Amino acid sequence: MDIKKGYKKISVIGGSRIAKDSMVYDLAYQVGKNIARNSAILVCGGLGGVMEAACRGAKEEGGLTIGILPSTEEGAANSWVDIKIPTGLGYARNMLVVLSGDAVIAVDGATGTLTEIGYALTFNKPLIGINTWKIKPYRGIRTSGIITADSAEEAVSLALEQSSDTT
Amino acid sequence: MDIKKGYKKISVIGGSRIAKDSMVYDLAYQVGKNIARNSAILVCGGLGGVMEAACRGAKEEGGLTIGILPSTEEGAANSWVDIKIPTGLGYARNMLVVLSGDAVIAVDGATGTLTEIGYALTFNKPLIGINTWKIKPYRGIRTSGIITADSAEEAVSLALEQSSDTT
Amino acid sequence: MDIKKGYKKISVIGGSRIAKDSMVYDLAYQVGKNIARNSAILVCGGLGGVMEAACRGAKEEGGLTIGILPSTEEGAANSWVDIKIPTGLGYARNMLVVLSGDAVIAVDGATGTLTEIGYALTFNKPLIGINTWKIKPYRGIRTSGIITADSAEEAVSLALEQSSDTT
Amino acid sequence: MDIKKGYKKISVIGGSRIAKDSMVYDLAYQVGKNIARNSAILVCGGLGGVMEAACRGAKEEGGLTIGILPSTEEGAANSWVDIKIPTGLGYARNMLVVLSGDAVIAVDGATGTLTEIGYALTFNKPLIGINTWKIKPYRGIRTSGIITADSAEEAVSLALEQSSDTT
């Protein structure tokens, strides 16, 4: 993939323990495919589950994938990560996964994903969710929050659309 | 305060922008008082709002307060922080606020608090919430999550009780 | 120890693998004793070697010790750490050890200590060295650098003196 | 640039305040050119001075550049950074710059560079230096340390050679 000025980076967040034959795995895989088809770069935490599925989808469409890893070594990265960024920060690297995206797509997700959702809202990143956590603010602090999508295609087009003014 | 082996550290998380005359400010203040009365150490992010109110309450009861700051300097700390830990990590320090507590009490809170709730669940810290975010897992990943308390007294006694086996 | 406004925090940095019967261990132990005698708080990385020796010395003089740990758990801390701050950041926590001190004392030290020396110079912390790395700037960027001390007593008095205007 | 399995990443470290007409700027620029000519990816802190010069050289040879930024925003990156990784960690990101390289080349450098040299030695990264800090271990802890190069060409070939067994 040729890196051009003005390419977009989309961060995909979600749990690392997802069965390869699950609907969630396929959903993340389709998100990855759609990111690459729209010649955006995929950023993720670089591990298994949703991250692996999304990277795999992106690579099958000739995309570029970046994995921001919790470890100090690259070994933990899934096989579809092109650019490995080992941080040695453990779960503190979750903030970096969010910061590197012009928009964030949450697919399913466990508690680590919840930290990333919090960071996406904190840094005002466009945040699209599919089958993910439902967040109810106690007070009406935020009018906007997670934008719900019903398909991988919709999630990616919303992510690109919502981030257009931020880049 | 005399530091003894076996003291407990309770992390209080919540938003930094809370009116001093609000119910939330008083609630956090009462949480701080109760932490000190139970001779536990209060840990927080060291800034204003809920953090300030809790530190203030703890100090009025002769407690010890620790503020893990986002900045590289100590100047941003509220006036009731005894031990200032400047991290220079910005919001990435939220993970440290959670890790330093034997239990975590969330009072109200904005999006930064949501990252801390995620970290508390990730690291299996006992997590007590008062007037805070409602989190609905998409799947039944976790049977336990935020334990709801109705008063400052209840929140602190739950925090101490729940953390008793972890220390 | 009673925490008063205006107490000072002195960070002690040095290697974690030092023989307990070595001169270096005793030197760090004496540094810790002198920090406590001057009612300053000792901050360190919380592990073994120089960190353990310094904490041990401070505790034997009734001082207060803070250990900023690389791990997510408190278990790795040496037995003389009062306040354990687990960071989960690995060696990235070295920056925090330096930031939390009004001055920094380097005793001996391995390569991790070199990162802390770099951070102390970066953040303009008074930096006192005993038997530690010799740093030769390639260009005359800095007129000041590591202030050499010949004894634990001298190192601590220099640290307190040099940090007097920064607090 | 086409990302292939087995590409190498070389981290270039050095000060951010270097005159554009200085020998150091040209040296870093030549290092960047040589990294790209050897189809390795250039990793750096993404800012000015040595980082800018190296990225510029790499881009003029059609290389790929990664900038691991201290800020939460991408705005601070120099104009020759392809992939911007905003960390929001300030100088704590120095550890990440080192971890992302299969080898590290230090060109000149100020105190931040000293932290990166310490991290390179800590993580046993091949470390090549040109006109940079002289480090004298107090004890013979390490037989190896900074490998000195006399030219940009030599520095890059040493970096590739030394990292060949680590990948």
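Worth a mention:
Just so it is clear, A, B, C and D label the chains in written order, and each chain counts residues from 1 on its own.
The criterion applied here is as follows: contacts are C-beta pairs under 8 Å (C-beta built on N, C-alpha and C of every residue); 3 or more make two chains touch, one makes a residue touch a chain.
What you see is a predicted model; the values in this text were computed from it and never measured.
Interface comparison, C-D versus B-C: the pair with the greater number of contacting C-beta pairs is C-D. For the touching copies subunit A and subunit B, the fraction of interface residue numbers used by both exceeds half; the interface is of the same-residue type.
Taking each chain's centre as the mean of its C-alpha atoms, subunit A lies 40 Å from subunit C. Each chain gets one centre point, the mean of its Cα atoms, and the points for subunit B and subunit C are 28 Å apart. Multi-chain contact residues of subunit A (touching two or more other chains) are listed as 72, 88-92, 95. Contact topology of the protein chains: fully connected, every pair of chains touching.
Per the touch definition, subunit B reaches subunit C in the complex via residues 1-3, 9, 41, 64, 66, 68, 72, 82-89, 95-96, 99-100, 123. Interface of subunit A with subunit B (complex): residues 15, 89-92, 95, 108-119, 121-122, 131-139, 141-142.
Of all the residues in subunit C, the ones that touch subunit A in their complex are 72, 88-92.
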